[in-house]
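The letters A, B, C, D, E and F name the chains in turn, as written, and every chain counts its residues from 1.
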């Protein structure tokens, strides 16, 4: 199911036995209409990961002390969105059955729904936390429901809890903002700060399974130029870092990192940021 | 049907009336698995076209003396190959009914079949001439029949004459080469030269309608680096130029230029070559 | 007068009738000595604009509710600075006479003076607000008075009010800083913040016509690498956003956005920032 | 007059005394309308020159045995074409008076006329040999007579002999080709080959002073992608090499190499080719 | 000893006489295993320096009032780390003997130790201040003690005072962080701010000679993408600017700027930042 | 010994058992002084190899019918040339003892000597055939004998037969050309063609073991821009193809492909050419 011919995330095992976290890539950008390239995301994250240290001075954890496997990447049929989602669901199920927490590297944001469809079978009360620049709540975009612009709309359809927390969205249609407003779903960068807002929003879900989907365009284009639809006015690393302190107190059962388009950033700083986000998530998932 | 917001090919009219040639773009690369980017082809050809002269010293013709229209580009639903082909067929039909010879700018090679499906309704005895590095005769590739690696297989299925002349193919599977051999379809760069071979091959079709599909990777990567699957050992401009002398003696009723991936070539020389090929085809179609 | 063959700003009309804002491009970098390329600015802003949403959650306005036209770009004779300025003045006059507020997309900063020369005929008490990294107050630079390093000096010469507010300048000669000091023209990033400083500076001009010229190098190079003379230590999007709240309370009658050099930034984030600035200005001009 | 702060051509002296050849750069692209960048040509040629050997196995000459000086580059006022030409004429005169043969590194092709104006004062019977893709015989282009598209028209105006030999031109207007035809000025790549054609054309001028102007777009875009207006169907290194054998038999008294736009070619192969052309010309000028 | 064929830092003299500061480059990246390219750093800093103003509005100093020399770059034998360090030590000694304060432009961080070895002969009580993302305290890395990952370990070995102040380190092994902790060497971005922490740390050394080594990856990747091992979560220009106010009160007797890899940043903003850092250090060294 | 974490050459086995050819990479550019980057060569060749067909229509062979293994890449200590060569010799010996013919992917040309040192232990009468632009016969370069400019000099020292055939060298010092002349070692592109010359030169060695070292800069820069020291006037694919017909008649017992610097060629055409050369050599080694 997984193609393991490419590079591997630093310090990963290839063998899932005795591991608690399973990384896998989904090199898919089949609905991206503006600028393609997220298909190269999983390989890029793995390639640059060797330039990072295994130790995180903030979390005071070391990858060397964590058992996690890099399972490789899914072979996906470009141009067949339905089959791609099915393959993701199937792979995620298998990972969960192997007692691994899934950590998916995209690829475009539409892949999240494939993972959610598998997860809700095991965690029917799943809470979804989204870091993103865009609301992604459109029902259809450019003639297809599979578009990455509809990613959260599709997730909501399959999420029994209907609990979606949207962190720091700064772009969308008027209708999307109204919907987020009505459902009090949007956490903005208010006076108290994003981390405090997230702490408030997560407080009712202390025992609940949490899934975190990170669209990397949540970050400011200055630190994440390598993404297809960058939106000025985003967040810096210290913002992300402060959110980690909140999330680590909850029951994170899976995560994904999407929308890295490495070829748009010749300095590779975007890929390196994505790799550091990945390292952080491995650590949170290990707690 | 056509989106005319982008740039326009030099000296083109936007108005098809009184014109005999209709250029249109198909910015589609939905099945390209290796390196996407041909979706940017039509815009790139038009943008650089202004750097060319309107006069061709070889053909001794001037674009200013030719009535041709640039109709714009089709809006295509990325990720829906069947709908894309239908849209192309529909557009080509409309162009032919408007008494224009179609000149399609791709996009990936799978789009040719959409045009052929329209053309054979008007020209049931159509002869197809293919300039290409690759045979493109696979029945299926990476799980889909719509793949650009199957472009000529799909065309043969809808071409009543079954007459496909494959010029200078230099890459394929053993089976593809055997098939080309059996049907004597492949024109190689033999001692007599490619132009003489083409003259021989076309001789029986003096009165027949000819459609020319040019996959730009037919050219050597040194002059056409901007394509997704470059193959060493290709052809130079003077080879193409010598073929023009042959084709101009036949009844060319349509053509396409595909597989330009402009972002792979920062010098833009690939796009400029494609624009000069386009200029040449406009001239041949005007005869 | 305007060349409309290139791309168009999203949601723009081409027809100025019933519009209140007229966008036009000036693809000119004829005096840029260090690194040319702002000639590609207007096309780049328009091309990437389609990736933005029409709705602005901050201003709570939607481009769809605003009548504005993209008139195209001026054809400018590279190498003839005087003629270029005359063409800009002529075009701006025509735009004002058509009851449109001009929104000029550069091009280098020297073009601002061309617009000012037209505007002061209609608004003799015009106040000029400049966002810029550089003072641009030199009388001459590298042997010519037309240089973009002299942009504000030239504007001051034709501005009857002599009221120039220079926001956030962080680079210049000792003489330039002394002059700004003497005339209290420079708003720095003081303790109270730039927005409050601007509010103070604009308070006397509640009824006056305001023209805003934005040299994009005012932004920090991290968010605007695509400019010819980036200067470390600049401003972020939220700084710009806070200024919008001040300016919207005044009578903005025109604006320009200059010094985008898109080819210096392969990620296109600079162009996208410039397009979002453009979207913001369209909204302010519509009030 | 010359700015010597930049890099230096390999093995050059800075001191013109005891030298017979004077290299100088003209970093000017002030009339280039399509894609600027030849202003970076002189620096690029010098930078990459250190990667070449000093010995030429074809000419069996070594730079170490030749006394030549790299005088630096002219400071040119971008935007003032007339002053630029005057500065070139003045500099060339001074070089000739210092008993040096001038070897000018451009910059755009319009600079040739500045050198010719100086040379004809010393060599009234000067013969001009042009290697170029384009005829450059327009009288005016985009509103200015100074354009690089008019380079040879301007030279003809100041050349008393009116003897211009145009080698391998493959692009121009119908009028330009007719003019070249009428005056039998154009040497094409005929059956006998370009070198034999040049030998025939030069035969009457055995004792005459020859000036060679090389627009690098004469080369095929495959070997010279780094130029503003590449034209498919050009010449390879061995074609150039064969011309050297002809020219070395004549009285070459000066030369220039123009239209290198190094930033268009990230591989630097274009700059390296230009440096090897420069090395060849130094050797021919030393004979 | 110094090669002066390349470009020169703006406003520098080539002649060290009457100067008090001596700039020199070390184009060396011989141990860089991840991504090479810092060998191009010295040339890049000099090239872009001409785009800066000579006046600094923060320090209220002008380069024109300072006597400093750019001595050129060392010729270093790539592949011979020991010889490279010896050459640096020899050159630094000579500079100090010429009554110049050394300002070294790297190159990779391993070169610092070469300078320190010379400096401690003259300043045995030297205090070393390091701005860096990485601790650089490894004893060995990838089989060599010369690696840039061991830069500070090597410096500590030759530094009699053992006084190393590490400012803002955010990446390292667990052991490195423990060592910095034990020796209270690390200044973090605490509540009081980095500048105040540095002021506290330097207070005991009012009369001591201070050497400042700036690994440019101390800056955030958003402002310094052009470095081999960028680390998210770094510092901005205003952070650096606030440190200047502290350092200027001390006896700075030398400095270096290392790890610029200009080719990773096509916008050149990284090189421009490095040049502005260089300008700042020249000013501090002139006090 | 081999690091197998990176990508793998298409259709390769990882397991050397039952194989007859052993591919390995040497990502080393430690003496490259002009432009580094060949360290990225082995990974680039493998990555793009998946875009090629397994069938070669010229040789009429299919990789699927050949048993060959890709063993991974050597971990090399950058900055320690002697240790690097020892590691290569050790690895090559082990490969030969495993009954595999070695096929080494560089890296810079200095690595060839490491392989030769192993090979001559098994094949004391080894004949060395070099395709290269440069003679590589210097005894020392920039202060080190390990330089890639000395590659063939080092090989000659350890080659008992002293039989080196240098094919198509076009750059070197006068001394190098004299030496090649004296020893009749150089095969030029004479009237009879390079293939016929090689056939003549190899004729005496029908039974001898042949080792082929291919410095990719032998190819023309137009088809191989991605190399550190490109030299105009090189060879095209059909030249290489004609040599294959000669070499296949001899006893090829090993080969290497060196000096690919993939980052210099953003189109990846250079890497694709190198991969096709690799495919050809696998086929020749299988005969």
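Everything that follows uses one rule, which is that a contact is a pair of C-beta atoms (placed from the backbone, for glycine too) under 8 Å apart; a residue touches a chain by one contact, two chains touch by 3 or more.
Since the model is a prediction, treat every value here as computed from it, not as a measurement.
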> What chains, if any, are shared contacts of chain A and chain E?
Replying inline: C, F
>> By that same contact rule, can you tell me which chains touch chain C and chain E alike?
In response: A, D
> Nearest 5 degrees, what's the C-alpha rotation angle taking chain A to chain F?
Replying inline: 180
> Is the C-beta contact count larger for D-F or for C-D?
Replying inline: D-F
> Comparing residue numbers, which of C-D, A-F or C-E shares more than half of the contact pairs of A-E?
Replying inline: C-E
> Any idea if chain B and chain F meet via the same residues, over half in common, or different ones?
Replying inline: different
> What is the distance, in whole Å, between the centres of chain E and chain F, each centre taken as the mean of its C-alpha atoms?
Replying inline: 40
> Using the average of all C-alpha atoms in each chain as its centre, how far is it in Å between chain A and chain C?
Replying inline: 38
> Just curious, how far off is chain C from chain B if you go by their C-alpha centres, in Å?
Replying inline: 43
> Which residues does chain C have that touch at least 2 chains other than itself?
Replying inline: 220, 222-223, 265-266
> Each pair of chains that touch: what are they?
Replying inline: A-B, A-C, A-E, A-F, B-C, B-D, B-F, C-D, C-E, D-E, D-F, E-F
> Tell me, which parts of chain D touch chain C in their complex?
Replying inline: 29-33, 36-37, 39, 77-81, 83, 142-144, 146-147
>> Give the list of chain D residues in touch with chain F in this complex.
In response: 50-55, 57, 62, 220, 222-223, 236-238, 241, 265-269, 272-273, 276
>> Applying the document's contact rule, which stretches of chain A touch chain F when the two form their complex?
In response: 5-8
> Across the complex, what residues on chain C touch chain E?
Replying inline: 34-35, 170-174, 177, 220-223, 225-226, 229-233, 264-266
